[in-house]
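Look for subunit A in each of the two complexes below; its partner is subunit B in the first and subunit C in the second.
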Partner chain A sequence: MLFTTTIRQIQDAVGKVSLAIPVKTIDPRYDNVHLSLEDGTLTLFATDGEISVTAQCGVETTDTGNIGIKAKTLQEFLRSMYDTSVSFTINRQEISDHGMVSISTDKGRYTIPCLFENKQEKSIKIYDITLQLKTDELLDLVQKTIFACSVDGMRPSMMGVLFEIQDTTITGVATDGHRLVRCRKPIQEQIHEKQKIVVPARVLSILQKLAQSETLTMSIDEDRRSVKFSMENVVLEAALIVEPYPNYEAVIPVEHDKLMHAQRTDIYDSVRRVGRFSSIGDIKIEVNGAVTKIMAENTNEGESAQEELPCTFTGEPIVIGFNAKFIEAALAHIDDKEIVIEMKSPTTAVIFKPAEPQEQEELIILVMPVRINN
Partner chain B sequence: MERTVEVLSPSVVEKIAAGEVIERPASVLKELIENSIDAGSTKIDITIEDAGFSLIRIIDNGSGMSPRNLGKSLLRHATSKIQSADDLFSIGTMGFRGEALAAIAAVSRVTITSSSDNSGMGYQIVSNGGEAEPVSPFEHPKGTTIVMRDLFFNVPARKKFMKTRKGEQMAMLRMLEQLVIPFPSIHFTASFEGKRTFDAPSAETLRERIADVAGIDFAKGLIECRNEQNGMDVVVYVSTPEQLKERPRFQSLYVNLRRIDNDSVTFAVREAFSKYLGASYRPSFFCFLDIDPSRIDVNVHPTKQQVKFDDERSLFGFIYSAVKRGIGDVMVKPDHFSTPSQQQPVANSPGEKGVELSLFNENAAELKKQPSAVDYSTIFTTAQPQSSLSSQPFQPLQLFRPEASDEPEEKRVDSKKDSALQYEMHEQIWDLISCYQIHGLFILAPIKNGILLIDQHAAHERVLFEQALEDLKRGRSASQQLLFPIVIELTPTEKSVVESGKDYFAAFGFEIADFGGRSLSISAIPAFIRDSVVVETIREMIRYLLDGKNPESFLEPEKRFAAAFACGAAIKAGQKLSQEEMNALLNSLFSAKNPYTCPHGRPTLVRMSLDELSRRFLR
Partner chain C sequence: MSLRRVIFHVDMDAFYAAIEQRENPSYRGKPVIVGAKPGKRGVVSTASYEARTFGIHSAMPINEAYSRCPGGIFVQPQMALYDQVSRQIFDLFEKFTPLVEPVSVDEAFLDMSGTEKLFGPMDLAAKRISDALKREQNLTGSIGVAPNKFLAKIASDCNKPDGITIVPFERQAVLEWLAPMHVNRIWGVGKKSAVVLQTLGIYTIGDLQQVPHDILIRHFGKVGNSLFSLCRGIDDRLVETGDAAKSISRETTFNRDSSDRLQWRQVVYELAQDVALRARQSNVKGATIVLTWRLSDFSRHSKRITITQPTNLARIIFEHALVLMGSVHERALRLIGVGLTGLTNEVQEDLFSGSDGQQRLEVSEVTADTIRSRFGFESLKKGREIKPGEKLPLRMKKENSNIE
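Right, the complex of A and B next:
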């Protein structure tokens, strides 16, 4: 087996598929990037058993064959090289599935062991929903939701972003049980029957790194068990989280009698500063009239902080506690300068949203308060 | 003057005898339920009022009693279960001594109504402190209804030694949970103080019955081990390695369906487990041993909670090999050791471009065992999503506070020397020091004149204990409200522990409400603990409180609950800690009032000086 390409081309493809390889694995099959030569095309593939990335790389070859190479070794070599022409010659050892890859560049020759593999049979999967999406729109939706995904495995469905697709709208929802984000955007296609899928956060974080083309295709299989993102020369396929997503709509407060308008960056900076003075990371926000007080204290150390900010507020005065980090994260994911905070009581969910929503986009972030000992 | 020897009157003898069988309301309940089981009932309904002191009523649909048997049922040593002394070695029923009903009748007011046919007519006998009236006809469907009122009305001294009503109620619930497990075909219901507290519908398998008592998730994960040899047949349901705890929820042995206490069996199960997972863990188990009645003597104690085996050594080997083989079979299937959450959420994903992913999926569960495989914090490119607060098990709660310990009940470890150590540590911890975690148990920290070894669990327990006491003093700690309540499934006993200590749980930051059945919903949690440890924390707290092995100094409920909370919420053995977390723990520990012992008096740290190290290396 022989093929020739450039360092940059193959490094790009190896880098993309390696995103699917887990950081630590005890199964050597997951360590490998699989190379398949067929019809003059080199296809690279890597997986962790649940997520797979396939990429194609332009090569010059007349050969066919399938091998596996340890991804880390190949990637480290390619990273250390400058862009130049490179040839891969693969020879099989006698009476064995093992072989050696000889890599030749203008600088020298390098040898890496490999494993000869059989051509895998393609599994048949029917994708009955296909959406053409603008990459930047989808990535924006992912970026605004993924931060709220849960990272502990207690409720697996919360470890992903729920996508609801209906009519000409796609809605992303993420929650870790303490905060919740719902971001809604328009799409070009019309989906009549409401579709709900939960995409693991790890898949979306890989998508963020892979998606470079202007548009991408999102496909959902008929069993609603896997999703496929097809981009230029790269396909990311992954198993969906099949556990039911909690009924998030039921926890979004529909009534609120306290409304506060404020400058997003002012609150963000204050919360960051004041939060540092808390013993367990909680802050107290007191809104009364046109002034918001943000307070924190560490009673054990006798440390405390208080800042006052101007705001516009309607409703009865309220004192409410929060985990400062949740407020920081919520405010960091709203683009607008001015925000609206909707409150009802010190123990009900508080809604953060842009004061002037972007055209055809709806974003709300819920944060559950911390009941503070007074 | 010499006292004369007199033969006691029958009524005094009965009361003395009753004392052996009937210690408390739970003993009455046990004896009455066993009678109903022996009568071949398929439904047994229990009603308890005033923790059993005012009323215990059992209604069953068993074989019932004829007027002749009913008339004799309250007599001492009157039984239908054995005829001669030889029968003692072939007992196939729960009761046999003919003591229980007589003993109960001697210390309470008992009414038994029973019918042995389907005519709708039966007979009733009424007894008042052992004085029985003649049997009279009474309407009753087939089966028996026993109503016991005013327990110990004629022995008030005994009443004085009873625990609180809550304690007695809990004892009855625990007894009930243990008693019903080997009888899955019987439908048990129980109401305590007008509230339906227990409902175990008839089931087909032991596992289903265990699920009724211990919860579905717990029962699902049990490993079934079997063995059969020389007239002995055993089935052991033992917890999986993930369910292993230092304090197991259940360790129940049933010999011929009778709940028995026996250390050999417990030891055999632990030994079999330790082959795979080390001796520090104690598995939960349910062991059902079927043995030829002639090989055991159940007539050891009136409460029948102990039996003698003819060959205890072979029993040990028999149970040991059953469990070892059962676990061994599972150990070779790696899937069994991935957590349910890792197994369920994702579907298999066939590959793209001709590469069959399913080939890899068989090992996906094994792969997923490594939590670090999915480390979003290193993967996400977006703004830091997860606060450090929520990703850490604890926070550096306090800084240095150099007062001396005000807790004389706990032993101090070389206080003079260690007070200097406290200053020294404090100085160092202002900046991060390099700590090393050893076997997920201890933290090794260099100090100016040597090294410190810290027990991570004991240290964190101390920090949380002091914090919990402080929270109790202040009334309530900061509590993070949850969008979606966490539902926890408990046994009736466990649920009643939480309900009885609701105020304490609230003071620590838990907001807990009844969710119906055996479940509770948690709508707020202490602000500093992760969601993923909430359920385990509550379970640990319950286990701690049920264990009852508290130091005398914890007789005050505040300290008992604070210690339970500290024990439940503290980082566990085997939990990996980052540098920051280790430093935060040390920081908090050396800010505690008494950093040298855990709430139970175990040392939290061991110090080794450079001199000592040098001596060991013969320098």
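Right, the complex of A and C next:
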């Protein structure tokens, strides 16, 4: 087997498929990048058993064949190289599946072992829903929701983003039980029957790194167990989370009697500064009239902080405790300058949203308070 | 700041063996070895000073100890008794200062700063503690007196048994006092670091004092900072009392090393119950669950998992501890412990607490606390807690069919 390409091209393809390879694995099946030469095209593939990435790389060849190379070895070699033309010559050892890859460049010869493999069987999944999406819009939806996903393995359904697709709207929802984000965006296609899938956060984080083309195709298989994102020369395929997603709509409060308008960056900067003074990361927000007080203390070290900010507030005065990090994260994911904070009581969810919703987007972020025991 | 504090480190002498000698007058003056049974696998837990003259020391294989001293008195540990004595000793320490930090069952740091008017100069105060241990417990301890924890710990080891060592309080004198000691006396310098230090030609703390800060950072990273301070006798850590508990933990030592995973699970369940109850009594919750285990060679290992919602519920602690237990691949364990850290008394509200049974679980465990506080801890048990052949309380026998 012989093919010729450039370091930059193959490095780009190997870098993409390697995203599917887990950082730590004890299963050697998932250590390799699989290379397949067919019809003058080099296809690279890697998987962790749940997520797989396939990428194409432009090569010059007339050969066919399939091999596996240890991803780490190949990646480290390519990373250390400069961009130049490179030839891969693969020779099989006699009476063995093992072989050697000889890599030749203008300056050197390098040899790494490989494993000859059978041709990868093509997926027999039937994808009955296909959506053509603007990459920027989908990535924006992912970016605004993924931060709220749970990392607690005891709540598997929350370890991903719920996508609800109906009519001409796609809704992304993520929660870890303490905060919840719901972001809605329009899509081109019309989906009559409501579709609900939960895509693992890791898949979306890989998608964020892979998606570069202007549009991409999102496909859902007929069993609602797999999702596929197809982009230019790259396909990301993954198993969906099948555990039922909690009834998130039931926890979004519908009535709030305390409304506060404020400048997003003012509150964000203040929470960041004051939060540093807390021993366990909690802050108190007191709203009374046109002034918001943000307070924190570390009684162990005798430290404390308080800032006052102007705001517009309607309703009875209120004091609520929050995890400062949750507030920071919520505010960091709203683009608008002015925000509305809707409150009801010190133990009910508080809603953060843009003061003037964008035409093409509806975003709300819920944060549960911290109950402060004295 | 550090030189103004007065810190005592009290280390009980051959604690387990000394208790055995106290409880059994016929053992006194004889070599007593507490640990596994000779002829079986296992190691020495504690050897009395008489046994140490035969070269016997902690963690030595028990059969080697036996071959060195076949006439010795070999006894198996009575952990419940040692725990009880330990509690009494800590009560005694608290008569001298409220700032007592337990290090283990038989050693503690005492912050004696500002107690001169009550107990006299530091040497006299140390003598008073030493005398009280003898008078009230008939046991001896070695005491290190120093301006900080690091120096006090080194000092208590300088004059064992039943010794009092006072470290100089002037900076230059501290440097000179430390200089001839081997570098491995410094906390954090293990075998690997000692080898690295030796390759740099550093054998004593005095050698280390000559090494510039940037060289230490280059070779040891962040640890280089603490090496730079400790070799100069600088240690600003406070004596941390149980009042500001950072963790709650319980451990069980098996009578003999256990390879029965069902028994491990049973013990983990009981420990989780105990830890959860203590957390609820202290009105705190913890976000990190720790599983600790000891092997027959006394080596201690632990694994931890951090959850998003701090808890004080036995079931949650148990379930996570079980997950951690899944990664324990040892054949047999000597001890298992369950702990809860990252404690807080502030509760992050949960959006779905009502829907995933969390609230119901909380109510059920708090109700169980109420029942147990009235009728005793044993009055309420889950089916998994009942050991085969265990005699059930009368109340449970009648309602046997209801047991889970």
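As a convention for this text, the second predicted complex is superposed on the first by the 372 of 374 C-alpha atoms of A that agree within 3 Å, B and C clash if a C-alpha of one lies under 4 Å from a C-alpha of the other, contacts with A are read in each partner's own complex, and residues count from 1 in each chain.
Criterion: a residue touches a chain if its C-beta (ideal position, glycine included) is under 8 Å from a C-beta of that chain, and two chains touch if they have at least 3 such contacts.
Quick caveat, the model's predicted, so the values are computed rather than measured.
Once chain A of one complex is fitted onto chain A of the other, the partner contacts of A:Tyr127 are absent, as it touches neither subunit B nor subunit C.
Of the two partners subunit B and subunit C, more subunit A residues are in touch with B.
Once chain A of one complex is fitted onto chain A of the other, the partner contacts of A:Phe116 are absent, as it touches neither subunit B nor subunit C.
Of the two partner chains, neither subunit B nor subunit C is touched by A:Phe277.
By the touch criterion stated above, A:Pro369 is placed in contact with subunit B and with subunit C alike.
When both complexes are overlaid on chain A, the residue A:Phe77 reaches neither subunit B nor subunit C.
The residues of subunit A shared by its contacts with subunit B and with subunit C are 150-155, 175-180, 246, 248, 251, 280, 282, 300, 321, 323, 347, 349, 366, 368-373.
Within the complex formed with subunit A, the subunit B residues making contact are 339, 341-342, 344-361, 363-364, 366-367, 370, 372-391, 395, 397-399, 401, 471, 474-484, 486, 524, 527-528, 530-532, 534-535, 591. Residues 150-155, 175-180, 246-248, 250-251, 280, 282, 300, 321, 323, 347, 349, 366, 368-373 of subunit A are the ones touching subunit C in the complex.
Residue ranges of subunit C in contact with subunit A, taken from their complex: 244, 283, 307-309, 319-320, 323, 344-353, 355-356. Those residues of subunit A lying in contact with subunit B across their complex are 22-27, 29-30, 34, 36, 43, 45, 47-52, 54, 119-123, 125, 143, 146-157, 159, 175-180, 200-202, 205-206, 208-209, 223, 225-226, 228, 235, 237-243, 246, 248, 251, 279-282, 300-301, 321, 323, 325-326, 328-329, 332-333, 347, 349, 366, 368-373.
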